[in-house]
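So that we are looking at the same thing, I have put the structure below in structure tokens.
For reference, chains read A, B, C, D, E and F in written order, and residue numbers begin at 1 within each chain.
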Amino acid sequence: MAKVVCFGEIMMRLNPEGYLRFVQAGNFEASYAGGEANVAVSLANYGNDAAFVTKLPDNDLGQCAINSLRQFGVDTAGIVKGGPRLGIYFVEKGASQRPSKVIYDRAGSSIALAKREDFDWDKIFEGADWFHFTGITPALGGENPQICLDACKTAKSKGVKISCDLNFRKKLWTSEQAGKVMGELMPYVDVCIANEEDAADVFGIHAEGTDINTGKISREGYIGVAKELSERFGCEYVAVTLRGSISATDNKWAGMLYKDGQACFSPEYLIHIVDRVGGGDSFGGGLIHALSHGYEQQDAINYAVAASCLKHTIEHDYNLVSEAEVKSLAGGNASGRVQR
Amino acid sequence: MAKVVCFGEIMMRLNPEGYLRFVQAGNFEASYAGGEANVAVSLANYGNDAAFVTKLPDNDLGQCAINSLRQFGVDTAGIVKGGPRLGIYFVEKGASQRPSKVIYDRAGSSIALAKREDFDWDKIFEGADWFHFTGITPALGGENPQICLDACKTAKSKGVKISCDLNFRKKLWTSEQAGKVMGELMPYVDVCIANEEDAADVFGIHAEGTDINTGKISREGYIGVAKELSERFGCEYVAVTLRGSISATDNKWAGMLYKDGQACFSPEYLIHIVDRVGGGDSFGGGLIHALSHGYEQQDAINYAVAASCLKHTIEHDYNLVSEAEVKSLAGGNASGRVQR
Amino acid sequence: MAKVVCFGEIMMRLNPEGYLRFVQAGNFEASYAGGEANVAVSLANYGNDAAFVTKLPDNDLGQCAINSLRQFGVDTAGIVKGGPRLGIYFVEKGASQRPSKVIYDRAGSSIALAKREDFDWDKIFEGADWFHFTGITPALGGENPQICLDACKTAKSKGVKISCDLNFRKKLWTSEQAGKVMGELMPYVDVCIANEEDAADVFGIHAEGTDINTGKISREGYIGVAKELSERFGCEYVAVTLRGSISATDNKWAGMLYKDGQACFSPEYLIHIVDRVGGGDSFGGGLIHALSHGYEQQDAINYAVAASCLKHTIEHDYNLVSEAEVKSLAGGNASGRVQR
Amino acid sequence: MAKVVCFGEIMMRLNPEGYLRFVQAGNFEASYAGGEANVAVSLANYGNDAAFVTKLPDNDLGQCAINSLRQFGVDTAGIVKGGPRLGIYFVEKGASQRPSKVIYDRAGSSIALAKREDFDWDKIFEGADWFHFTGITPALGGENPQICLDACKTAKSKGVKISCDLNFRKKLWTSEQAGKVMGELMPYVDVCIANEEDAADVFGIHAEGTDINTGKISREGYIGVAKELSERFGCEYVAVTLRGSISATDNKWAGMLYKDGQACFSPEYLIHIVDRVGGGDSFGGGLIHALSHGYEQQDAINYAVAASCLKHTIEHDYNLVSEAEVKSLAGGNASGRVQR
Amino acid sequence: MAKVVCFGEIMMRLNPEGYLRFVQAGNFEASYAGGEANVAVSLANYGNDAAFVTKLPDNDLGQCAINSLRQFGVDTAGIVKGGPRLGIYFVEKGASQRPSKVIYDRAGSSIALAKREDFDWDKIFEGADWFHFTGITPALGGENPQICLDACKTAKSKGVKISCDLNFRKKLWTSEQAGKVMGELMPYVDVCIANEEDAADVFGIHAEGTDINTGKISREGYIGVAKELSERFGCEYVAVTLRGSISATDNKWAGMLYKDGQACFSPEYLIHIVDRVGGGDSFGGGLIHALSHGYEQQDAINYAVAASCLKHTIEHDYNLVSEAEVKSLAGGNASGRVQR
Amino acid sequence: MAKVVCFGEIMMRLNPEGYLRFVQAGNFEASYAGGEANVAVSLANYGNDAAFVTKLPDNDLGQCAINSLRQFGVDTAGIVKGGPRLGIYFVEKGASQRPSKVIYDRAGSSIALAKREDFDWDKIFEGADWFHFTGITPALGGENPQICLDACKTAKSKGVKISCDLNFRKKLWTSEQAGKVMGELMPYVDVCIANEEDAADVFGIHAEGTDINTGKISREGYIGVAKELSERFGCEYVAVTLRGSISATDNKWAGMLYKDGQACFSPEYLIHIVDRVGGGDSFGGGLIHALSHGYEQQDAINYAVAASCLKHTIEHDYNLVSEAEVKSLAGGNASGRVQR
């Protein structure tokens, strides 16, 4: 059991039921999610001591977000109360040729307006083994780039491992801004996670021979990306998720874990999707679990990809699967026979 | 049929189903509402040519708000598209001794950030008979006080009647701010609408002998308030809603219409509440319909109070009743016998 | 256990959820109901051998109606398949001062177009103790008046008791038509059931001193009505339901049973209504159960009124209560304490 | 922006939730739809000035149908109020080897009983560019064949383009009746739309080498059908939808547009279906938009097929997609990647 | 029409909506099901006179189970009331690589604790043509093995055909226990039904060349299994279902019917699954219908497999399809085209 | 902030939606509840460090129960995993004259079968201020009476205050059994809580002049009961809830707190009920909070009654109100005005 601290934004997620479009929705399903919160829930579900740190408004909606984490055993003691509002995002689930759609309404949230003094990183990292954040958090702007830097420095000083999912969000900042800020944070990062596009968007590192719109993927290209990231920033591990979008309903899904010039690729799953939002985060959650428990490189990427494969079959962002379920799939049991 | 222009904010309203508290809600019912939009829908339902003017973000959520108005026949051609977001508010329905709760998340909305040049009042008021706004709109801040003044001046210059519901919102501004801004707008207002507390909160005009928390209401006190408002600002009509809160489930409801020193009181209804949010707005909608159609003073207040009594029996903010239904109740048919 | 045959129409009932108005409804709750079908279900729930006879279209919707009866143990073997459609009616639940609303869409239904030869009454009444129909069935028109006459004659010839609920529906026929047709059927009727208005609407027999809109009810007036009905048509029993509509939410409810010049009044219940549609039918169901089991006159009216009081607390038309539950209430246990 | 008038029936559509069968349904989702109303909504969604003309009962259900159109901006001013009822149809969604099922309950609707004098076509077509109807409307019987002829003649006389979707419904009329009536209307039609079977059912024109039950489709056969239709009736365009039913869940979907001896085929989409009802209508909506905006023949069929491909991913009949979304898919973006 | 008696347990089935996991469920869909009850409903739906025999608690939940059977016309007169509780089982629907999950909470149910004297088999089998039970019933323990033996002996003595689905449940008993008990019952069985694993689990009879986890199936292996079962116990027919689990969403499905050394295989269906629980039972229901109506061997297996293929497209356990629907699919109509 | 340990059973609660009866329910709302768990949640909501101790099956349903507690911040670290099943109870909400109905299905649950060695009370009470249990726990039988005694002895030895709600359940044990077991536990109890009937049912101590079925309540009678309980067992406090059942919808609600011969009565609330199950537990939760925080006797009973008054307005068992909300009502703010 590892003690992992995740830091970032948690939002209210609102989505119409089933495949209804926004303009048809008389109801929204409400859940709570965020890139780092999703990782914290994954880790708690695998039996780790996962803590989530953020700033939330001191009202019932902020409390709802806290409760959503507490129910899965995530430690929320480090969450600061205050500020104006809980960020919200709206998800419309796509199907077949119709893409899913996300509308963010996160500007002006309590965490976006947080101050450096809101967080006592020395105390937060007491007893911690691992610190995880994503590129979304500094992208929230305000003092968040500096807060992330504070966190990284403190973590490093205490021997806490650091993972970061690049998670580029073009609606939050430009590639230029991202490259500059992330470039300052990356030297602290031990494990760098990225999807097919992030390295290109943030650092201009392109996978040769790959076109994400056609689903054409070149293994060699991604090895090159990982090598470049690893060399430029000194990361111990670079992990990349490989999504092949056949349609909004069917995706291919795999991953690669690079270390010391060696790349391990997972098996590729063909997934009939229930809800793909949070898929990347669940990969991060699986990877941190695997690496913090000393898995071999191939086992680690297999675990992370199996975990995130399962996430695609689960509604809402949180990956509500156990370690045993992930291991069963990673071990090859993909037939989906009923468990009685 | 009168042509009425309403101007203000329309928001997404989210409420848990039934009597669930926020912390129990896995779903929110989504509807669209706002003080002036509610009036526009009331008026369209009575057969008027009602237009609603606002600024909405150019995304699916803004479109949802427009569609919610269009379905009832409200003219939305004057709505400006742009700006960052749709305001949201959350409603938790109370019951018995537990009060209803409203959480506003409206800061930074497209209308709050609107500019004077967004609205061409000359064009908007073409052919219009009536202009309605409430104290909420200037309270949104930014250029909205000035925009309201622009609208009032143009309306006045075109002979368009003006009604204003004071609608004080203490989370939007202070009594001092409200008094100053509303004091500048009131001289243009022909019909002033207020609830039991507004006149005191905005202009420091108190109803003697009344305590809204105990439900004790003095008719004389409200006549005094109306007289004072009428004299200070030259309003032709002053209308006041009189709510007696027995509990969150049962309310007494009545109203007064003052003109030229004469006050008419409606009958008082004892209401078993389905949803009381929008109750005051539905009073305004009924009153404007009555006055713009030349109702006698007593008939007008009776219509407005019957209309708003019915609103309390309807889910969400919009008052979805016809003129015939209001007239039936105003005419004394309150037994609720099944209409086959 | 009595064997009771009920004959009439069963329709699909569609109502918006909760207190939503028709114009707000994106969903309808679907159930199946009809004046005589409701009685059959009541009787089956009390342990009787209840049969329902009608004509239904030979499609899935007709089957749904049959299944809804079968689930409560009603014998549907006598239902004829054929004809064009299942009748439908839409219910909008009122609240407080807003009345409930019913829209019928029953024209052209299979039963409305049924033929005399569709029903073999000799076979249907084999072993039967009781036959029940209401004024709605002949009001459906076509051959239905004659079919009802066929049924009454056969029942009479076999010594089967006959009850009829006058149930005047002004959207189906005029008072003149009703008076003529019902006047021919009534001589066969042993037990005549009516609400406050039926006797006046159908036969011009008015309860003196009563105004159903104000809720003012004169006991003497209803005794007079019963006496007149009894004398004019030779009914053994005349039963009248007495509804005092305080609002769409709160009703007073009582009943009277008249026989041989003697009138017994039930206690009056003050009901907080869940769903009042089917209330009158549940009175009929209770009464037939009581009379066919030899209850004393006072006990019979008490049972019928307690049964129908309970119906008002149950969603949809069918009165889903057991004999024990009715007896408990009729016995005075009205406190509603939890039964663990 | 084209001004398009659509004429036909709009019904209430009731379907059980998800994949429930009729006999399992305790709830029905209620929406409003009809072959021509669906086209009107498509066109309004693409930014056109779409009007829908019909006759509806003057009750809340008729109003619901109007509201469903108004919310998407369809002009409903030309709808006539009156007549007995709103048509209804029930949809049970199929899956895999289980076909979807439709039960129509549309007989005796207000539009089926409409009179020629109900519609003032001169006024309706003021300023119009296009008139659309389908073979369903004359199939409703009564005066509808003549009303359609009135409309066609007036449209023609005013230079309004006319499109007609053959839309044969064997439950409404026979092939003989259809052939006779449609044969009189077709000479006015500029754009004829048909699915794989319509031409055979209505006019006995068969596609050689094709068996719709096996999914075997011969391109040459459909070119022959279009040529024959074009020559026989003088249509400028003939469009045919080509559905390959793999199962109730997975369909292949494509289309052909024929003009002057030249046939353009769209790409074929493999669709994982959300709701296929309304698929053909959405093809018509896309085609009218494309042709009325001067698209090239290949672009037009591509737009129409992409539009209707997307419809299959949307619940209920209306095709709630924007021009931009259709163009994105028509432009080749079929991977369904999340749009953030 | 055959008269078939089914004997076993009926439980409340609770499943979260859609693809929600147990830990996400704030609601459970409630239905009623059981291996033999499912067969009874299938048979009633095909028009047979199906009776279900069990013991149920004398409370509202037992009544719910009875009502669920009665609605489809199953004769429940033979159900004994008494004992402590209704068994429950919870189903979580899987998707793609995530398997479905079943949690049984059936211990201590009224049927598990039933006594031999509860059932008067002589009376139960009056007029019966067929008796069906499964291996689950004796596995419930207590006196159930003996009760099954009583039933078999009585049935045999009356010339009633007996079918048994081995249905091994490892949570109820061990292979050793099953082998011993079933070994005593099998000599009475005319038609033995098994899935891919049952014969191995219960009697140690393995299908050579088959691995159910990889989906690899050897036809020869299953013929060997059937031959062995037939010879060991003297069954007239042995039927085996053949499931190929591609994923929790997509399965291949076929079956084999063996008689007198001759094996007939059905076509194989590729099924996109709606709900696969009850799939095996629906095979039994189809097979009994076919064999009791004198179908040829190939027709019988085709009917049984088509019936159970359709079950996979229907929510909950009961197979709600008609004989016509099964015949249509068995006849080759698998394209799922809409039936209007 | 007090640290309070609660011990007992937590069950799955299943109730039909709204006012549906069991026989109408196609869905059950699932929540988790139990006499002592409800108290733990109350206390956590008031900001205390509340822990809940029980034994739960090691499956997803047990986990659901844990999650339901964790979401509100209850410490579940002391919960033991193992045993066969989670207890269940079914609730049917009554209305007006129809009582609510509870069906327990709790026999054989993991906690009912727990062993003394499952619980290490020395460790559980580390740092604890208060221990709470109810009469339900020993009534579960098996070793539970002895486990409760173990807990009481350890608590006493560590200076932990002990409260017990008598909570007699006639379906779990007889008055004789209860009297014997509770008589052994009561000497350890500092704060004894009872409803109107418990003292009579468990110890034969009757309130003179009171009839709970008629709602007639004698204050003197309850003072006598409290005096007797206090003297017989040496309790410091005796608290009694006083419910006046007007109907299933409307109740009067008050309470009394007795100490040293002095009885304080709270104000009486007239409650329009949303859900009354858990009402008594919420009284206990309020009382423990008040007494553990040193409230005066009158303030304590006022807090406890206000807290439990609010519970009646909240769906499901848990009392989801904050200390501020309770204080507001206890302070006299009962008008239910909207909180914006």
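To be clear about the criterion, a contact is a pair of C-beta atoms (placed from the backbone, for glycine too) under 8 Å apart; a residue touches a chain by one contact, two chains touch by 3 or more.
Model, not experiment: these values are computed from the prediction.
K.L.:
Please work out which of B-D and C-F is bridged by more C-beta pairs in contact, and write that pair.
P.N.:
C-F
K.L.:
Over half of the interface residue numbers used by both chain B and chain F, so same, or under half, so different?
P.N.:
Comparing the two copies, chain B and chain F contact each other through largely different residue numbers, since under half are shared.
K.L.:
Looking at C-alpha means, what's the farthest chain from chain E?
P.N.:
B
K.L.:
Quick one: which chain's Cα centre is the longest way from chain C's?
P.N.:
A
K.L.:
Whole-Å distance, chain A centre to chain E centre, using C-alpha means?
P.N.:
Comparing mean C-alpha positions, chain E is 44 Å from chain A.
K.L.:
Please output the residue numbers of chain C that touch at least 2 other chains, ranges allowed.
P.N.:
Answer for chain C, listing residues that touch two or more other chains: 18, 21, 23, 26, 67, 72, 101.
K.L.:
Where on chain B does chain F make contact in their complex?
P.N.:
Touch residues, chain B against chain F: 18-21, 23-24, 94-102, 104, 169-171, 212-215, 245-250, 276-277.
K.L.:
In their complex, what parts of chain A are in touch with chain B?
P.N.:
14, 21-23, 25-31, 59-61, 63-64, 67, 84-86, 88, 90, 92, 101, 103, 105, 107-108
K.L.:
Of all residues in chain F, which touch chain B in the complex?
P.N.:
Within the complex, chain F contacts chain B at residues 18, 72, 269, 271-274, 306, 309-310, 312-316, 320-321, 325, 329, 333-340.
K.L.:
Under the stated contact criterion, what part of chain D meets chain B in this complex?
P.N.:
By the definition above, chain D touches chain B via 67-68, 70-73.
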